[in-house]
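Below, each structure is written out as structure tokens.
What follows is a pair of complexes built around chain A, which joins chain B in one and chain C in the other.
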Partner chain A sequence: MRSDPKTFDALVAADQASEMVTFLTTERLLFKNRKTQKIEPGLAESWKLQEQGRRVVLELRKGVQFSDGSPFTASDVAFTVRRLVDPKLNSPKSSAFRSGEAVAKVEVLTPHRVAITFPAIVPGIENELAGIPIQSERNREKAGLGPYVVAQYQAGSLIVLSRNPYYWRTEGGRRLPKIDTVRIAIQQNADTEAERFRRGEYHLLESVDPTLYERLERDLPGQAHDAGPSNDIEFLWFNQAPQAPVAPHKLTWFQSRSFRRAMSLAIRRDDIVRLVYQGRATVAAGLTPPGNKLWYKHGLKPHPFDFEAAKKLLQQDGFVLRGDNLLYDRQGKPVEFSLITNANNKARARIASLIQQDLGKLGIRVNITTFDFPSLVERIGRTLNYEACLLGFVNLAQDPMSGMNMLLSSGPQHMWNPNQKTPATAWEQEIDKAMREQASTTDAKKRKAAYDRVQQILSEEAPVLFLAHRNTLYAASPKLHHVLATNDYPRLLWNAEHLSWSDR
Partner chain B sequence: MRVAARLLVRLPVTLLFVGLFGWLLVRLAPGFGVDEREIDSRFSAESIAALQAEQGATAETPLSYARRFLQGDFGTSQTFGNIPIAQLIQERWALTTTSVVVALMAAWVLSIVWAGLGALWRPLDWSGSVVSFSLLALPSGLVAVGVFLIGAPVALGIAAAVFPVAFRYTRQLVFDAMSQPCIFAAAARGVSRISVLVRHARALAGPQLISLIGASAAMAVGAAIPMEAICDSPGLGQLAWKAALARDLPTLMPLILLIATVIQVANIAAEARA
Partner chain C sequence: MLQALAITVLLLLAVAGVFAPWLAPYPYELQDRESPSLGPSAKHWLGTDDLGRDRWSRFLYGTRISLTLAPAAALLTLTVAVLVGVLAGVAGGWVEQTLLAATDLFASMPWLFLLLIIRAALPLNVPAWTSVGITFAMLGLVGWTAAARVVRTAVHTARNDGFLLQARAMGSGFTQIWVRHFLPNLRPVLLAQFWISMPLFVLSEANLGLLGLGVAEPLPSWGNLLFELTSHREVAEAPWVLAPAVALVVTLLAMQRLSRRDWQEGVAR
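Right, the complex of A and B next:
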């Protein structure tokens, strides 16, 4: 794990480390099988949707106990939902359970039957329920329903998880999990992590850098694995916010569709895949990765490398290449912008450098500036003091509902122009309409059609230049069995209770 | 008594200055008080406003922080699982202290023996100079990587940082002592070179060496920070490194003050010996 968990409270967990630990120490009403991407029964044996998907009645599993031995009942579900919708908690998992001032209501019907009424229609309600960790009403901080409990936490270095003796899942009549103790090392440095794996001190690496992957594959044959395109994506966008402290002539470039498309056409994405990821990545066509079976728009093509088309688009917008090999805009200003990204990310630094080279051939000067993550967040989220930014998302959620704050023009994470009062462009208005449409129905076909439209508009208007989805690269000791890697987090430990160990 | 008086006067002034300087440095650094969750698309505008308000509420003034600090309340860490900072320090101080003490002992014993024998046999002196200059030229980060790769303890890396300086000083002191008239007189009386070195030169260089050992403690503490961070050793150095990168002011402040105290005490002790 790259960093310490910021919290052990599963309802508040937002960072990857906290999500990982709380995934292993809690259990959800429904279970999402990461391999099949299908929803399966969890703490609820069955469920029934009512009132056009606004209400769900859940039959809870009997005989389930928390790690302190206390019984799991409908009161625990009610406690969790009430806590989740408490505005003071500010939970990242509460969006479906809140709509403006209105919040979800929960009724305990019997000790093992509970009903939740949502304030509005919730598309993908099962997915939402599969994301809510149930907490104990009596002993929230200490008791959990997951396969493991936190036995030791040594800040900055180690988390030791020990098996929950009351865990409810069984296999062949034997109570799971199979492994008694899991030691999660907190290791910021990928090279150190790989070295420790090589020495046999670590047995499972959840994420391996492509360069290190090649080395591990060579040194430890059969222990490094490639599970295909992940849900991670690398992308670039230009700051289009009128209130941003960006020179007006640059804002005019960034707000031009032709300029953005020309930039996209001039980037050799194949080179990024080949040189940065050693071929272990997929060129991105849009926001949704190909591994997302339900929402990926088949037929959406990545922007190809087409230098001549890029030049033509720039000419149409009044840009000219002068004798000094620099591109100038209509006002005679040289085309030059800064590209910011986060420090300590080797892959991103190399992508930035390749983009700099590619755009340099058009006569554009790109100045790369790296910031540590808090400084970068301050610039892109608060001061908007930047021109272009190269960043990535890890583990994009599968359902478009989770992208509302990013894709709606009024959203705070609408990166290229956040918090708009009214959509600045007609195409953003169209995206808003389609996103609201998919959010207001439970009809899967209608939702897919609306979201496909969003993906198409994003591709045509290019507010974000999608670059690549890196592959899920991991390493596992041959002594560890039943590792089923997926592209959805937690990629390797989603079935932790089934993993087993043999010394031979 | 003089040492205690110096400590009483200098330590509070140093801590006040270092504390304020450290505070300002972190407080004014870009990205301070920014929560990474602000760019998490699961958070709505209202949630982000709440996060920002929360960050604003936790930003203390130096005065209120000092008051709390003096009452022994160091607060909780924002980076390390929200656990009390006192607990973090308690868990880690022994490892760092051991590494620093072992490194100091190793570096000085090696320096004294090598420089002493070098005064008797020239090739040893040259080899000592080559080794110390080489270690001086190597960036400490690179030394740390080497230490990690061979699986050696962090103390070796810290010792490698202290040795070049320790050797240069020791060598100079031994050579100065060996060129004193009394040493020539002893040699003229037929006392062997080893006896001259052990009995007479030691007496001449000893007090200055002890004061230098005190001063080098500060260097060892400074070297422990990158060494522990790179060698993945869970001590106070690693904690300070991670806290600085994360702008975790509550965790960083007690560490800055602790390191300043150690350095000040070591320096005053060294001055007293001198």
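Right, the complex of A and C next:
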């Protein structure tokens, strides 16, 4: 793990480290199998949707105990849901459980039956339930239902997890987990991490830098693995917000579909994959990676590199390449813009350099400016004082509901033109319509069709130039068995209770 | 002998920097994407980086930037330090107390945040060279406090020295005492401060890159070239990537040699 967990409270965990530890120390009503991406029973043996998907009645598993030996009942579920919707807690996991001022209501029907009524229809309700860790009403801080409990924590150094003797899952009549103790090292330096793995001091690396991957693969054959495109994505967008402090002639460029598509066609995404990620990435066709089996739009093609087509689009928009090898717009203004990104990210700095050179061939001058992350967020989220931005998402959630804030034109994270009162363009209006459509039904087919339309519009209009999904690279000792890597967090430890160890 | 060697090394590096556009076989930003991460060859003396850019050309241009701007920043630091230190040392009394308090206050300020604010206030489309100039000017303007204290102590010591009393007794005027006797005696201290500050500025520039304040891509500097050396395995497998680190160490040794000579001369005088 690269950093300390910010909290051990599973309901407020938002950072990757906290999510990892709390995933191992808590249990959920439903279980999402990361391999099949299907929902399976968890603490609830069965569930029934009522009122068009606004209400769910769950039959809880009997005989389940917390790590302190106390029994798990419907009261614990009620306690968790009430705590989750408590505005004072401000849980990042509560969005599906609230709608405006209204919050989800929970009823204990019997000690092992519970009903949750949501304030609005929640598409993908099972996914939501698979994301809520259940806490103990009696001993919230110390008792958990997960396969492990925190036995030791040394800040900045180590977290030791020991097996929960009361964990409910079994395999072949034997209570899981199979491994008694898991030591999670907190190691900021990827190079040191790889070196310690090489020496046999670490047995599982959740993430391996592409620059280190080849060496690990060469030095320890069969121990470094590439699990394909992850849910991480790198992308670039132009600021189209009319209220932004951007020169009007530049706003005109950025609001032009031809200009954006020309930029996209001039970028050599294959070079990004090859040079920045040493080939361990996948060219992105859209926001949703191909590993997301449920929501990826099959047949959606990445924008190809086509320099001539890019030039043609720019010519159609009135841009002219002059003798000084610079591109000028209709008003005779040279095409120059700044590309901001966050400092201290080597891969992103490399991508920016490649884009700078690619667009330079069109006669466009790109000035790369880096900022510390808080300053960058301030610019793209509040002051809008930027022209183009290169950024990425890590572990993008799989269900499109998580993208509402970004894709709806009124959304605060609608990065190219946030918080619109009414959609600025017809295609944004169409995206709004499709996103609302998928959010208002529990019919999986209708939702998929609506989200496919959104992906198609994003590809055609190119408000965001999707670049690459880095692959999930990991390393595992041959002594560790049943490691099933996925592109959904926690990528390797989602089935931690089934992992086993042999010294041979 | 060692001094001659030190001067030669510094001269060679200065020549390399000044004549970088003529000595560099390729433009520093040129990406040969079909030849990334190559080892040294006749075509690429120090190989290529992971974007296929010629390391030797980038080293030469980096030398130009770092060895031009780090001394400029050191001079700026020294100028402010001399003004404050000499005034405090000569005037004494409440002037000295006030200047020392101001120096302490300046030293205790959260410069990192102020630098971030300055960066945020700069326009977005600042050309890379302007950004470099601003970075080093900022470094120069915030780094004078320690040097000012050293200068003030040196002034105190010199003020009570016999040679000044003797000059006064012989009827030398104020200007003559300052120009002919006092300032030359401060020279070793000032030079030592100069040599100390310079490498610090080279490294500080690299660290400022973490905040987006350093030399922006694709411009190279010793700082951002050094920053690439984060993987010890990579260094072991491709030791030629160490060229900027070696150049920095050699420069430091040469500067240290020269500063020691200046100090020794000052003591002898």
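Everything below uses one rule, namely that the second predicted complex is superposed on the first by the 504 of 504 C-alpha atoms of A that agree within 3 Å, B and C clash if a C-alpha of one lies under 4 Å from a C-alpha of the other, contacts with A are read in each partner's own complex, and residues count from 1 in each chain.
Operating definition for what follows: contacts are C-beta pairs under 8 Å (C-beta built on N, C-alpha and C of every residue); 3 or more make two chains touch, one makes a residue touch a chain.
Given the structure is predicted, the values throughout are model-derived calculations rather than measurements.
Once chain A of one complex is fitted onto chain A of the other, the partner contacts of A:P5 are limited to chain B, with no touch recorded for chain C. With both structures placed on the common chain, the touch criterion links A:T370 to chain C but leaves chain B unconnected. By the document's definition of touching, neither partner reaches A:Q316: not chain B, not chain C.
Once chain A of one complex is fitted onto chain A of the other, the partner contacts of A:E195 extend to both chain B and chain C.
With both structures placed on the common chain, the touch criterion links A:G156 to chain B but leaves chain C unconnected.
Applying the stated contact rule after C-alpha superposition, one finds that A:L275 touches chain C and leaves chain B untouched. In the superposed model, A:D15 lies in contact with chain B only, and not with chain C. Comparing chain B with chain C, more residues of chain A are touched by B. In the superposition on chain A, the residues of chain A touched by chain B in one structure and by chain C in the other are 195, 371-372, 375. If you check the complex, the residues on chain A that touch chain C are 191, 194-195, 211-212, 215, 268, 271, 274-276, 336-338, 340, 342-344, 349-350, 352-354, 356-357, 367-372, 375, 385-387.
Within the complex formed with chain B, the chain A residues making contact are 3-8, 14-15, 87, 90, 92-93, 95, 153-158, 187-189, 192, 195-196, 199, 371-378, 380-382, 397, 402-406, 410-413, 419. Contact residues on chain B toward chain A in their complex (touch as defined above): 29-32, 34-48, 50-51, 54, 77-83, 88, 91, 148-149, 151, 230, 232, 234, 238-239, 242, 245-247. Touching chain A in their complex are the following residues of chain C: 29, 31, 33, 36, 50-52, 116, 119-120, 124-128, 209-212, 216-218, 230-234.
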